[in-house]
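In order of appearance the chains are A, B, C and D, and numbering begins at 1 in each one.
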Amino acid sequence: MVSFASDYTTGAHPEILKKLGETNLEPLSGYGTDLYCDSAKQKIRKTIGKEELDVEFLVGGTQTNALIISSMLQEFEGVIAAETGHINVHESGAVEYTGHKVIALPEQNGKIAALDLANYLETFYEDETYEHMVIPGMVYISHPTEYGTLYSKKELEDISEVCKKYDLRLFMDGARLGYGLVSKQTDVTLKDIAEFCDVFYIGGTKVGAICGEAVVFTKNNKPKHFTAYIKQHGALLAKGRLLGIQFDTLFTDDLYFKISTHAMEMADQLKEIFKQHGMEFFIDSPTNQQFVTVENTLLDAFEGKVAYTVWSKPDKEHTVLRFVTSWSTTKEDLEVLESCLG
Amino acid sequence: MVSFASDYTTGAHPEILKKLGETNLEPLSGYGTDLYCDSAKQKIRKTIGKEELDVEFLVGGTQTNALIISSMLQEFEGVIAAETGHINVHESGAVEYTGHKVIALPEQNGKIAALDLANYLETFYEDETYEHMVIPGMVYISHPTEYGTLYSKKELEDISEVCKKYDLRLFMDGARLGYGLVSKQTDVTLKDIAEFCDVFYIGGTKVGAICGEAVVFTKNNKPKHFTAYIKQHGALLAKGRLLGIQFDTLFTDDLYFKISTHAMEMADQLKEIFKQHGMEFFIDSPTNQQFVTVENTLLDAFEGKVAYTVWSKPDKEHTVLRFVTSWSTTKEDLEVLESCLG
Amino acid sequence: MVSFASDYTTGAHPEILKKLGETNLEPLSGYGTDLYCDSAKQKIRKTIGKEELDVEFLVGGTQTNALIISSMLQEFEGVIAAETGHINVHESGAVEYTGHKVIALPEQNGKIAALDLANYLETFYEDETYEHMVIPGMVYISHPTEYGTLYSKKELEDISEVCKKYDLRLFMDGARLGYGLVSKQTDVTLKDIAEFCDVFYIGGTKVGAICGEAVVFTKNNKPKHFTAYIKQHGALLAKGRLLGIQFDTLFTDDLYFKISTHAMEMADQLKEIFKQHGMEFFIDSPTNQQFVTVENTLLDAFEGKVAYTVWSKPDKEHTVLRFVTSWSTTKEDLEVLESCLG
Amino acid sequence: MVSFASDYTTGAHPEILKKLGETNLEPLSGYGTDLYCDSAKQKIRKTIGKEELDVEFLVGGTQTNALIISSMLQEFEGVIAAETGHINVHESGAVEYTGHKVIALPEQNGKIAALDLANYLETFYEDETYEHMVIPGMVYISHPTEYGTLYSKKELEDISEVCKKYDLRLFMDGARLGYGLVSKQTDVTLKDIAEFCDVFYIGGTKVGAICGEAVVFTKNNKPKHFTAYIKQHGALLAKGRLLGIQFDTLFTDDLYFKISTHAMEMADQLKEIFKQHGMEFFIDSPTNQQFVTVENTLLDAFEGKVAYTVWSKPDKEHTVLRFVTSWSTTKEDLEVLESCLG
């Protein structure tokens, strides 16, 4: 059985395992103070092209979202997100657990529009009793989104403008950032992101690491005593090397981008296969997640051969399926998939 | 430079890395639902000798403490701990962050006494307005403690009795449990722990894993929807295999106990070396952490050769040092250390 | 200037002030343990007609909502409310501050429909990964709603059925309950409410008290150590008499209902005046809050004579105004209002 | 039966009730925006003698402590308090509920010493891993303390110096501040307090009000959007007039000080009576709470005649009793008490 169920079904890229093995006996200081963490941070800064950025490593996406949001918001502030945003739907209320409301805005293809945001904020501050409501302090966006879609540079710039006007921090969840950066259909670079966003993260877990996310604070705005925040949230690894070595490897010889590019090539071929078989795309996704609406009769053909994720059931006869590629997707996997399409 | 600074200075036991490599390409379901997690749980249950236990995997110690405590306490309840307990001192207030007070009791060598506990509780409930105070709902103990000391079976039994009388859950932090179990100076078995405690964890991070703790609920008392708790705390790994494979390996062919036994042999030799050199033990520790009070002049001898942890500075001429052994400690390491003692 | 701005613009009903004066020098025990609290609880139980109910007094509405919700939910559970519900919009995120998500459902005239609720829950539990979402533990409804509207007995019964099916507690915010109970357009009694809801409160602040809400737990389900919860939330008054004496007075000689009936008579006359002047009702409200859509030119006529609340601005020429009656509204107030309508 | 059980056994000072009655029909804006709140704030500023202070009204002491502490601390900071401090012992963990640890320091007669504070902080910051501990952000003191004792001006100044050195905010719980200010044994004025403390409150509940505490921010340091904090904590009264009118009355014609002075005269006479009867003082309290150690046989004499609070039971034959005076204590009360002493 080959799996397109997600980009976290297989382990770590072999280079990462190799490096973990090579360094295994080196005694290193704990809690993220080791030399591999330092080296990885330096390489990430260099890749982005800004020397003064603050980089921190965390273990997973939900943890990162909750930690960033709660450490950068005042107690009474909330975070604006698309209604379909991961923090609003799929994190068991981790953000609310830190005491902050997720303020849901309407979305299109998983994205929020600068105009909707501006309208919301204008109306909000027109209300004289706005202090009885949750004061927005941050905008959360995903790039790619839950639907694999991407913001354009212009869209990011516009959202950033609105954020500045209303004193909102702009936070980008980059759990799948690599695929967004190497997509053929993007005009957004890492440097753009570092310019428009106040904080974002470079996802590791879904881009070849076994775990780990690299948070980047772009405006000399890392919360003071951030290590205390990490520890307080139970997110500080004693063997911090696990994160340092992984990101050091991912940002050596462009491995992060090679992994992303490979997965995107696989995704483009997958897309081509779907097109050739006349399948209906649920959404036009330029990244490694592809969504197709299929007749339920097709599901039997996949049975025992191909794994995918059931995304939704629009009616009794159809199902929306999600297929995801990753560093470990092979041409052979695609062939098995295609063979099922008859 | 050889390091006795802690049991988390080197990476994972080679068997673990090997297994991570062997399984790396297997597509597995995410979030702890994979077959290695299942297998590891089954092996842990078997090792303890009770088939009906609930086992869950988490990433690190502070995370585990906060999650267990907050999921097993009512909102208004607090957790009793030794004044020196890890949750009271070294977790950046992670327990309080979940809304619960740590109620500190006096300690001796890192342990709380059943009698002190009973006295505290008796006095507490004599106060008619006890609902204006924090109602104790749990007792937290570490085994081994911060000082490497161990509870005897009788001590555990007595504490357990007091807990039952006052409807308190008993929670054992076993971050270094392995060393406690194989120490020559213990009469406490895993089965005893499962009998006396309502919940405890088998530490991985400090006993050969790269990360990971195995939580065991012993009385059919795992909080309902525990996965939701884990996710809400940002503690759920997408690639849950990282924990499953590690614990599956640790509990195959007694690796967990072999690692612990090796470290204890090294610790016993270390102790012997200290004795032979007439060094003063700060505390009589039966596990892998050894504490000695040295004259500050000795510190120069270690410079650049041996790493340790400075524990405390009792006066201007003396320092208490902590030396810790682990799976990776070698005879050669001990020789380097001994050579410094002149 | 006469005020219809809200039902909390004037002080307490004179009977309450009188009773506070008469009892002022009696030494009473603190923190809600005094005889007036006991007497008030007994009278409320008698009024509802169920002797075994648990009654507790709190100070204000937002406090009550947050306390009830957080004390009756498990840590990982959320509360379902209408998108326009007070807890979702106007409480500065007080519920989220306790760690729980407000799950917003579509509403009609401020009410949620049993069918929408059932559909939401069915879809929710069909998702195999529902533990990654916020598990609903409670339904919050207001009666009257923010729009002054009321649930019918049938609607309550249907919602209650859905709640039972999915193990949800049903919580009614009765900040303005009195007006709902005496409205000519209701078939819902206090006894019905006690039957269908797991917990509700009888609002004092907006029905003649200076402050105070009486919470009623209907199913022998008051959270254990509820006093500890109250204290922990900073909601326990040292001079608990302030609440006990007020509710004892409100539930003596039907004062609570007399106040409500008076306000409703004033509201009915207000409605009549609006009808006679051909004004357009924004919503058909059967209680003490009346909403009319007016041309902005009318606002000048009110200037300096009549106070109201601006509810919304549907377009540049029109404004929706809210007029509210209370225990202190007089015929003379209505005459002033009518005189402005020309 | 006469009561010395506490200073919250009777209602409000008659002037307050009178004013509540006189203003009862005036329509006022809600949520603390009314003219009486404004007037009261102005009068408090004038009384302190600093025009630029920020004043806010809250309902009760525990609420105020939790709100001040959580709004003025960063998420990872804790608050230092005497081991016997109210927030550490008698508030059901309300501070921890907001996520912050109470760091307990040793105390003498309820007070912390500047030297102990300085030592604690010096040791704390010597530890290189202090970010793994709870970083102190505030010092909480009570004046008078739980034992009725008072800080001297020099003691306050010294504590303030240490706070400045370590960037700690200094917060004074003044639940019984009036008694401290008018005590014959104090050299501390309101102006001193406003100079040394960053924030403090002037207690109403225990000094003649039915409820209410007036918080004073002294360094232009009121947290931004403080109303949102108040609302989020469920502490905002719709009929905010209840607090405004009370404090406006208390700070008209020095009523607050007259009430305090009366209670202190009663306390001085009480002390004299105890001395004349050779009773043993448990502590030398210069304020309205007096503590005596009595033989248990004396308790029978009080039975049914005099109410007091049992403070502690040092041994089987003795009990420490607390007697408290207030605005409503009379000479006749004292006579009844004296008659019991035989």
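Points to keep in mind about this one:
Methods note: a contact is a pair of C-beta atoms (placed from the backbone, for glycine too) under 8 Å apart; a residue touches a chain by one contact, two chains touch by 3 or more.
On a predicted model such as this, the values are computed, not experimentally measured, just so you know.
Listing every chain that touches subunit B and subunit C alike gives A, D.
Of all chains, the one whose CA centroid is most distant from that of subunit D is A.
Note on chain placement: the centre of subunit A and the centre of subunit B lie 33 Å apart, centres being C-alpha means. Inter-chain centre distance (subunit A to subunit D, centres taken as mean C-alpha positions): 50 Å. In this assembly, the C-alpha centroid of subunit B lies 42 Å from the C-alpha centroid of subunit D. Along subunit C, residues 75-76, 91-93, 97, 99, 129, 131-132, 135, 228-229, 231-232 each make contact with two or more other chains.
Interface residues of subunit D, counted against subunit B in their complex, comprise 75-76, 78, 89-93, 96-102, 104, 129, 131-135. Those residues of subunit A that touch subunit D in the shared complex are 31, 70-71, 74-76, 99, 129, 131-132, 135, 223-225, 227-229, 231-232.
For subunit B in complex with subunit A, the residues that touch the partner chain are 1-3, 5-6, 8-12, 14, 17, 20-21, 23-30, 59-67, 91-94, 97, 205-206, 210-211, 228-229, 231-239, 241-242, 307, 328.
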